[in-house]
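Reading through the structure tokens given below for one structure.
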């Protein structure tokens, strides 16, 4: 039976910072590690560890200035890694377009035994009839997948390596699996890349599923580096979905 | 009715070269533009336009030396663009992992009307029974796609913008389309990126469909820059498919 | 004697385009190859080779639309390579920050025999007295370079490989050479990268030498793809130097 | 007076890891955070959190396998940031070629007042006579720099903005500063990029200063992720300098 999977994003790694010996500077008590790294890198460019400009003496003011003048390169020094589950292969294909990220994706050579995990588009999930049609189609596709897998393994009986036989059979049989099939990702990016992703995909014009991913990442990363994202405003569209925009991105 | 689509790759753009004024050097008559650019860039690093080393005086010898010593950065100065049709969405997802390429991909907001174009895995295409099962499944999926599309457009009747209504409906309905659905790409890469792609995907261990793409690209680009690929040897595996390897890649 | 070198930029390679078989589309007669490639890639995403939208039927209108809506990824399919001479090492260091470019740089293991080629900052070149001071300093530095080189080669007399001996001596002696030392580059980039470079470095706030390089590249590439740059306006600052800006870049 | 500066590299940030809820896996007690992230990402690709293969059940064995089969993409999920002081501008120019890194560099608009910090090549530093010649040259250059700066500021007296006047003067005057001038960098990279950098620059054929930087980074990062670097062997060359190589890099 087809099992519905829903989006789940967890922060699993992020940069931890320590001031090096020989630098007479202590980050603001309230600054997170990511925020302190970005300020450190900025001050290293001009040796302004003594905070000569009172207007940018606090971490918050310094980072706002960086975003304001567009010195985004400084944001590359802090990174965050998330683990994404419950994403459709279709949205995964869009996510892969963001080449500044590093990706590890669940292989389709691995498939859940006995059931298919699928991610339903919201417009289908919320209509009882369409949901029924969709899940039945997923079940049938899964049935055909199993049938193809069995037949292909038989056809490949001449292949003595059982691991290779199974791999070849799966590679062919997966052709029938739908776009809705669940995929999973480990995604690592620096904060400049995360801002670019959110700017591009949390916008009103993005596909609804990847938009939901982008807004979720924004909420998650905002905990880790509030000041690096406080220019983004999350709002609700007329269809109840969320979007986010910032005056600093186009 | 499901229509079978098969791989088609065409070279649509490549670098054209001209020696700049003030450089006293003429490329070998036999060198292609891509080959001449790479030699030019190499000679520019050491001002050796007078070919002081007789062992690398010809274009062929010069390029072989570059590949031998691993100065691959020089290969980045010549680029080639291909147009790929008849690739499955599954293989397209693998292709997107090659972040050094530039991609434009056929949107799934565009779908052929009235028929579904699918790319059959070789192991399925060559078995009469499995082919029949697969094409029937593709037809049924397409039928459900059309059904979902119609119902979704009805549900979205409140959306006054007909373009947006259709886009939203398609974005949701495409969730049912299979991995085998045909996709198309414009892919641009420099010759270093092309060599990396071919090294990774023409190998015996790669998935059979993307391996076929990699070998096809090798054959195509070899016409455009023979010396930059003549270390690759194309051979046939026991299952009749092709692979390629070079002693210069791992 | 120190020899003054001045900026010289030549286009040495660019993408040449051909419509692939099976695509029923002919680019506008007036479109350059670079312009046609970008339009082709855009139309390939939505299979709009039949130009369904009259507002974007011409190449010019299509490209303006792309730049307007920010589909810059399409600009990655056309590339251009330039050969830069007469750039200072200081400006070269700034150029290297543009990581989307591919670079081959004149090695400092190669040094002009008997004379030093230097790039004078405009503010120094235009003041007779400062120019004299600067050139005399360059001559002295060159004298010390030669002295160090000779002494180092003597110290390395135990090294039997004369090539390696000379290389080691040059690597150490070059430490005394000034920022003004001339360097040369082969630079390859796609049109998206070129636009980003020009946007960042042709701006009023950029260093005067790299600004001059950026404006020169703009003038050169504009010949090769007028429509991809016609949003940039070149103007003159009060000090007589040029700058360029576009409403489409920040 | 010219002040000698010597290489100093400090680790200032690195990825910290936490297993996400819902994943039944605990990393080996001995694994560092970087090592655990890489294993996590690998196991996420095949859902092998239950360690089905006894040969790769330990973190050490798993990472060795990854390096052995070349799944270097997994190494992109852990990052490390270093702060580099005491590097010459010449070596800095070479460092910038590693485009997979993120850089923030000390601006030459900032210059130590009253003294010039220079990085002496080892071959010069270890010869009393050459050292004297070199430091005297650095002093003279610094004297001319100050002279140019003063004259330029006078020439720019018409510029009402004193900050801009000083910036313009410094940009021109710095043309006389030598390659040996000290620069500083904040450099962030993932472990794949760090391995590539070390492989390229810790090799016998690299320039002695950047080789020293590469070996220092290897020693530093090895503390943070021993298993990701234990294929590298550090050895001493006949001239007393260090180099490092691994059988897994070419």
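Order as written gives the chain letters A, B, C and D; numbering starts at 1 within each chain.
Keep this in mind: contacts are C-beta pairs under 8 Å (C-beta built on N, C-alpha and C of every residue); 3 or more make two chains touch, one makes a residue touch a chain.
For reference, the UniProt names are A, B, C, D = Flavin-dependent thymidylate synthase.
What you see is a predicted model, and the numbers here were worked out from it, not measured in a lab.
J.: Would you mind naming the chains that touch subunit B and likewise touch subunit D?
T.: Both subunit B and subunit D are touched by A, C, going by the contact rule given at the top.
J.: Please decide if copies subunit C and subunit D contact each other with the same set of residue positions, more than half shared, or with different positions, and reply same or different.
T.: The interface is built from the same residue numbers on each side, given that over half of them are used by both copies.
J.: State, to the nearest whole Å, the distance from the C-alpha centre of subunit C to the C-alpha centre of subunit D.
T.: 26
J.: Could you put a whole-Å number on the gap between the CA centroids of subunit B and subunit C?
T.: Subunit B and subunit C have C-alpha centres separated by 29 Å.
J.: At least two partner chains per residue is the criterion; list those residues in subunit C.
T.: As it turns out, subunit C has residues touching two or more other chains at 103.
J.: Okay, in this complex, where on subunit D does subunit A touch?
T.: Where subunit D meets subunit A, its residues are 8, 10-23, 33, 37, 40-42, 44-47, 73-74, 76-79, 81, 83, 85, 102-107, 109-110, 184-186, 188, 190.
J.: Going by the contact rule set out above, which residues of subunit A touch subunit C in the complex?
T.: Interface residues on the subunit A side: 70, 250.
J.: For a test of understanding, state which residues of subunit B touch subunit A in their complex under the given definition.
T.: 88-90, 92-93, 96-97, 99, 103, 108, 118-124, 127, 129-130, 133-134, 137-138, 140-141, 144, 147-148, 151-152, 155-156, 168-169, 171-181, 207-208
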